[in-house]
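Some structures are shown below for you to check.
Look at the two complexes coming up: chain A is in both, with chain B in one and chain C in the other.
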Partner chain A sequence: MSRATRTALVRDDRTAYEAAAGAAVGISGIVFVVGLATLLGVVGIDDPVAGLELSVLFGVVLLALGVTVVGFGMASRLGYVDAAPQPSAGIVAAAAFTGIWFAVGAAVSGAAGIGTAGRLAVGAVLGGSAFAVTAFPREDVGSTVPVGAVAGLCGLSLVVGVIGPGWEQALVGYNATLFGDTVVPVVVLFTSLVTGWSAAKAYGGFGARGRNVGAYVLIYLVVGSILTVLVGLVAFVTVRGLPGLFGGFSVGGASLVSWPFLTNGAGLTADVAGVFPALLGTVWLVIGAVLFAVPTGVGAAVFLSEYAEQGRFTGAVEVATNGLWSTPSIVFGLFGAAFLIPRFGNQKSLIAGMLTLGFMLLPLVLITSREAILAVPDEYRDASAALGVSKWKTIRSVVLPAAIPGIATGVILGVGRIAGETAPILLTMGGGVLPGKSAAPDVLGGFQLSGSPPFVSNPALLEATSALPYQLYALITAGLSGNIENPQEFAWGLALTLLLVVLVFYAVGIATRYYFRRKLHQ
Partner chain B sequence: MSQTDTAETTANRTDGEGVSTTAGETVEETRPEWTCHETDGETKLAVGDLDVHYGDDHALKGVSMDIPEESVTALIGPSGCGKSTFLRCLNRMNDRIRAASVDGTVEFDGENIYQDGVDLVELRKRVGMVFQSPNPFPKSIRENVSYGPRKHGDIETGLLARLTGRAEPDREEDLVKRSLERAALWEEVRDRLDDNALGLSGGQQQRLCIARCLAVDPEVILMDEPASALDPIATAKIEDLIEDLAEDYTVVVVTHSMQQAARVSDQTAVFLTGGELVEYDDTQKIFEDPESQRVEDYISGKFG
Partner chain C sequence: MSLTNTTTDWRAGIERRLTRTREFLDETDPEALTVVTVSMGSLLAAFLGFLLASPWAAVPFGAFLTATGYGWARHQALIARAVTLAMTTVTLVTLGLIVVFIFAESIPAFRYETASAFGISVPGLGMFAQPRWDAVSEPVRYSLLPMIHGTVMVTTIATLVAAPLGVAAALFIAEIAPPTVRELVKPGIEVLAGIPSIVYGFIGFTVINPWASGAFDLNGGSTYLFVGIVVGLMALPTVVSVAEDALTSVPDVMKHGSLALGATDWQSMTSITLPAAFSGVSAAVLLGVGRAIGETMAATVMLAGIPRISEPLVNVFYGYETLTSLIARGYGSANGVHESALFAAGVVLFVTVLCLSIGSQYIEARMRRRLGGAE
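Up next, the complex of A and B:
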């Protein structure tokens, strides 16, 4: 019984050791964030900070972090602090450092001009030593010394300028060159990640608690960087697109709000070129696809989950729908071009695009609706049946309302995909590259009654129509020329508009889901 | 038939029917006369030789019993003895389980509900059911109660009904109020009829389910362990309610709790492992002086 390790049940006030380790974690985090900023090009690696070039400053800080981290390990190993390290840092950490040091060895020896076999040998020696240093000593040494060494080496090479702002390396065998302003941030990000992890372990006193804190720091830094990349992506498009989107925008005047980019076509007569026809095309396209796919998809899901006997048939349908959802969109486009177009006036048309995208949306609506319907508890069905309510009425008034949030989720995801689809539109409905305002589809006003079958016609549905992603693609391939004053600005504005349209559809879907979820549970 | 039939004749039967042996040990034989219980009231449900199979599993073996109207009949027995299966046969809820096959007869007011042409909607309107765990719909309290009548078209509430002037909001109000009052829930929810039913406590939800069942005006109410998921206070309320309901309805209740059976029921049927009905008699007789040794063992806690 007495072999279990014991540490103090109640930890004392924060010790200087913990404070130092916490500070090291914090500094690693800051270095990580600044490294991310340099990678995204927000700051340059040769910008002067406190009298030093940023890359040199990175080097100094990383060097200091490396030394500090080794110091933490040693302080614990020599028993100056109250920590609970385990006998080994573990096989996962050992494998990770083996890989890291193998790469370091191969890279450094390569830079020194050693041949392939020599590089492999150097890598293997360094990797092997890293494995030994990580796996065999106690955890406090194993998870700090290899980290300190990596940080020291990277920091030193940044300080000395072995890699720095002017550095470049042609990749032999590839038609590419690595530049310092990419490599330095990557090295900094990586090094700060491992020092942050190691310092966090020291902060937690190693052992189970230390590993926990270390995992936290790793996860938070990685999640943070992913979010940064996502936000950066949107921000990039937004910043570039805003001038185009708001060109000629004004509030007040005769029409209260004047937003020529969204309300004008790209014709010669328009003083500010706009995307109105394509915007309207995309909106109608999504509406048409949803109107086609949601009733059919939900209907099929109801049949498959409520009426059909669960077995080989439903299993086969499930596999088929999953496959259909991952079918490349160009294949759907080809189907639309070969099958739908001959049936709708033998030319590219809005309705052919709607149906093609509807076919694409159908599998996802079917899959998610089926999941949502199957997730409705059987108790509701039993309760309804016990009241003598027929199956169809039960489905309509209990099962489907309870499944609506799930169905809405599927439609949201699907709309996000189809609104940005280019290939099917290219093949089935694409209109002009720079359509004038008169080319905008007038679907609501286009309905006409006639005395002979089919009694109702709508020419707007049968005309070739532009859509935002298609227009963007056409602009790029057409070389951004034409009668537009500033094609770059126009294209970025178009991209931002597409992003906003998708976001608006998302918002509508999420609001629907939220509304029905509230209704179900409050 | 009466229970005063001589026990010896059947005890000495030699055809082996009803006798099973386990590991060489003879198990007590089930005697038909133990289950032939006569009551004063009219028979509401007459079950004749009911067999249920789930695939290869013989869940209920030749059960016959008469359930008198306007009384509480308790079904007790260990887990897996078939009492819930039996209950679900009485409103044909077993039809919903594909693997289940039912043989025998269940006569409701003299008409066999297992013959062709039985309208399940009508049957289940007359034979209502309350489940083990409270299962209100994720709708408002009001909608829960009026769900059955609305779906049966007894109350019209939709947009069309409102437009054509056929909507009867007063009748709906009245029905909801009466049903909730009958289920002893009205006072607790009268001010929040439009709140979601899932916000009620477990005991309130179960009484709401009873109110929902009462709203379609059944003649028989089947309850499958209605209080097993509830705390003692909520259980006591449900038990009071069951006794109260027996004045107007025929109540059949499955329960795990023998105390509950003893408290609320007029007659008790004991099912034992293997899906057979072993003894059926007045509750007092079952609990004080059962004929079967196995029932006595079960009730005193030696078996099951």
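Up next, the complex of A and C:
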């Protein structure tokens, strides 16, 4: 009788075991979250919980988890439960545990004051035995015993207090000291990850299914942490920035809404310092970059996808576009400084910033527009051609309208990206740290005609102008101080404003995409 | 034999092209041809004028606008084709201009740092053969080694963060997540890409650096460790979106075949999807590395700004300077050879990242060929 049929059909006796394994996964998850909270300083590792110090409690729980995990493995190995373990835990797990135990050996012997050669030797011995224990026995032993050993060691050292509150270890030559406050949470986080993975494998009955569950637990955890970081970042900036952003905000009165942070400059006359000049600078910057990059990018995309034959020229343009896309922003800044500034009055200016950001926006627009145009079905073009419509008319009245949603999405997301760029405008546009309201650029009213070349000029475009990201940088380099009431609050308000401007672009771009996609599928 | 063949092919190609051009010229309205020639000629003249920094560049630019406007009204199809062609060349021209201007500005620094190896003097060798960068006190030297070391440290840590997390998240979005969750996670990670780098830097400067300073009892709060983690977080969305594209481009029939044989989802992923998309996923990691190398503001704000190599080499608890932060911090106050040395740092950055970009494009093209043109 083959093992596969036995495990697939007889599942009743595994319910208690599965429940225990599920509980172990859950407890590991809880330990992970609490460990994260201690790392972030929400709880202290010496806080008393149920009569014990938190770090000791951590140790007890980890020890118990380690014993349980080994118990799962043994129960499966001795045949008390039906599982489908494979002959070996696999080379990936073996390599991982070799690495872990090598590090443990090296760290522990290092703390015991053994020299480099000794540390390497201890690490190698421990790593080698971990490899043997993981790779050679059957999977249920190989993926539980090394885990149990890790959890047991960490748990014991926490219970006994080898590592704990007040523990410290100077890293000689590294100019740093490790404290219990940071090491304990890190150890706890790591150990709970390992026990969680092992318990999840046991829950799946080892074998292919066990590996599936184990891997999924880790992947869900990764995605969960990424999203937590994202939400945490935005929430953090929002909470810190709201007081600055809404300082002096009022509804009603002479003007319907009074929002001094967005409508004031930072001069002495303003009672609430605001970011108006930088906000207007960012707006003009975006407009200028869009005016340059969008027609150029869309035109190039039309030519590449409708007119050009696939060949060396299109290949070169593609390589150049992708190359420009990945060129670091600071290199664009250097380019703008070397190429544009000497040609626009030899000083940092709004128009140099606009064009530099335009150069950065160009590949983004080109790539997304090209994708959007290529996504228009060929039937559209054929139908139009069959009606006797010329090629250009087909492009203008059939292809481009159908591609507009994709192009618009790409442009909006690209604008969101360049609106927050600091490095290029740092080198090309400059501006003051805390500009007064009079420093806001007056582009529309600035155009002048003159009798000498270039006949049209606009001083507003040729002046150094501030923008939101640049002003934030300038504030940081000025040490978050300045001639205003509360520079810290001001800077956080500025950061929130910048974040909101960028996120609004992203939200609009993503919403556009969903709207048109749903319309397409109707 | 084959040589003559290629020559004849080549010649035939040119002849074919000449005939086609002649036919095109014969068929087209001479007035339209004139308008297009005037328009394109004046655009070229305006560009050349701009290159020479002449204020007179405005005149041909005006002529270009007039000719194009007239042509748009009378011969729209032809002028549209010509204008879009001109727009297509803009990317090539931009890349060319970047190369020319950055290299040209960096020449004095390369000259200054000439060193001899095996009796031959090599310009720029001094930037990589000794570790001293000091633009103020004698001996004034411009070695890029400390900054390259910093960039390598930050990029390594960032890659250790971004590559595994990014590939796991891409697997999740492409293979594991139910549709509703995917519709939430995907834009979420896109938004992560949108958070401006200066905001990360600001959080790093006001929150992480002071915390790290206390938590590890450091001399000042700048560490390559935390700059690397922050930069890794910023490179993460690039890795996720490119790797996810690669994973979804693996034909469904391959996965379905594996699942039909009774493999678990994870087995299908590790033995079918990931190997098939391997080149795409490694291209994603390469692009992520490129992002991490070029990340500027977080490094500038969080690092100490001292061009020095940490001791021991792998000490992540120091944070001195990277290539990008060197430029961002130094530009403006620098002049002469010092400014030129900043451009040299830019050249190193640009060349490295361009090589990574071209490498990843090559890998991706190979993968597309292997999967039989599946998009």
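A few comments on the model shown:
Basically, the second predicted complex is superposed on the first by the 443 of 522 C-alpha atoms of A that agree within 3 Å, B and C clash if a C-alpha of one lies under 4 Å from a C-alpha of the other, contacts with A are read in each partner's own complex, and residues count from 1 in each chain.
Following the convention adopted for this analysis, contacts are C-beta pairs under 8 Å (C-beta built on N, C-alpha and C of every residue); 3 or more make two chains touch, one makes a residue touch a chain.
Please read all numbers here as calculations on a predicted model, not as lab measurements.
Legend: residue contacts after superposition of the two complexes on their common chain; A:398 is shown touching chain B, with no touch to chain C.
By the touch criterion defined above, A:71 lies against neither chain B nor chain C after alignment on the C-alpha atoms of chain A. Contacts of A:388 after superposition on the shared chain: chain B is touched, whereas chain C is not.
With both structures placed on the common chain, the touch criterion links A:128 to neither chain B nor chain C. Once the two structures are superposed, chain B and chain C can be ranked by residues of chain A touched, with C on top.
Residue contacts after overlaying the shared chain place A:446 against neither chain B nor chain C. When the two complexes are overlaid on their common chain A, residue A:339 makes contact with chain C while staying clear of chain B.
Of the two partner chains placed by the overlay, neither chain B nor chain C lies in contact with A:432. After overlaying the two complexes on the shared chain, residue contacts for A:161 are found with neither chain B nor chain C. Counting contacts as defined above, chain A residues 390, 393 meet chain B in one complex and chain C in the other. Taken together, the chain A residues at the contact with chain C in this complex read 171, 173-179, 181-182, 208-209, 211-212, 215-216, 218-220, 222-223, 226-227, 229-230, 233-234, 236-237, 295-297, 299-300, 302-304, 307-308, 316-335, 337-339, 342-343, 359, 362-363, 366, 390-393, 395-396, 413, 416-417, 419-423, 426-427, 430, 452-456, 469, 472-473, 476-477, 480, 488, 491, 495, 498-499, 502-503, 505-506, 510.
Residues of chain B touching chain A in their complex: 91, 93, 96, 98, 120-125, 128-129, 131, 133, 135-139, 147-148, 151-152, 195-196, 198-199, 209, 212-213, 216. Interface residues of chain C, counted against chain A in their complex, comprise 50, 53-59, 76-77, 80-81, 83-92, 94-95, 97-98, 101-102, 104-105, 164-165, 168-169, 171-172, 176-177, 185, 187-199, 201-203, 205-206, 215-219, 233, 236, 263-267, 287, 290-291, 293-297, 300-301, 311-312, 315, 317-318, 324, 327-328, 331-332, 342-343, 346, 349-350, 353-354, 356-358, 361. By the touch criterion stated above, chain A contacts chain B in their complex at residues 309, 377, 379-380, 382-390, 393, 397-398, 401-402, 519-522.
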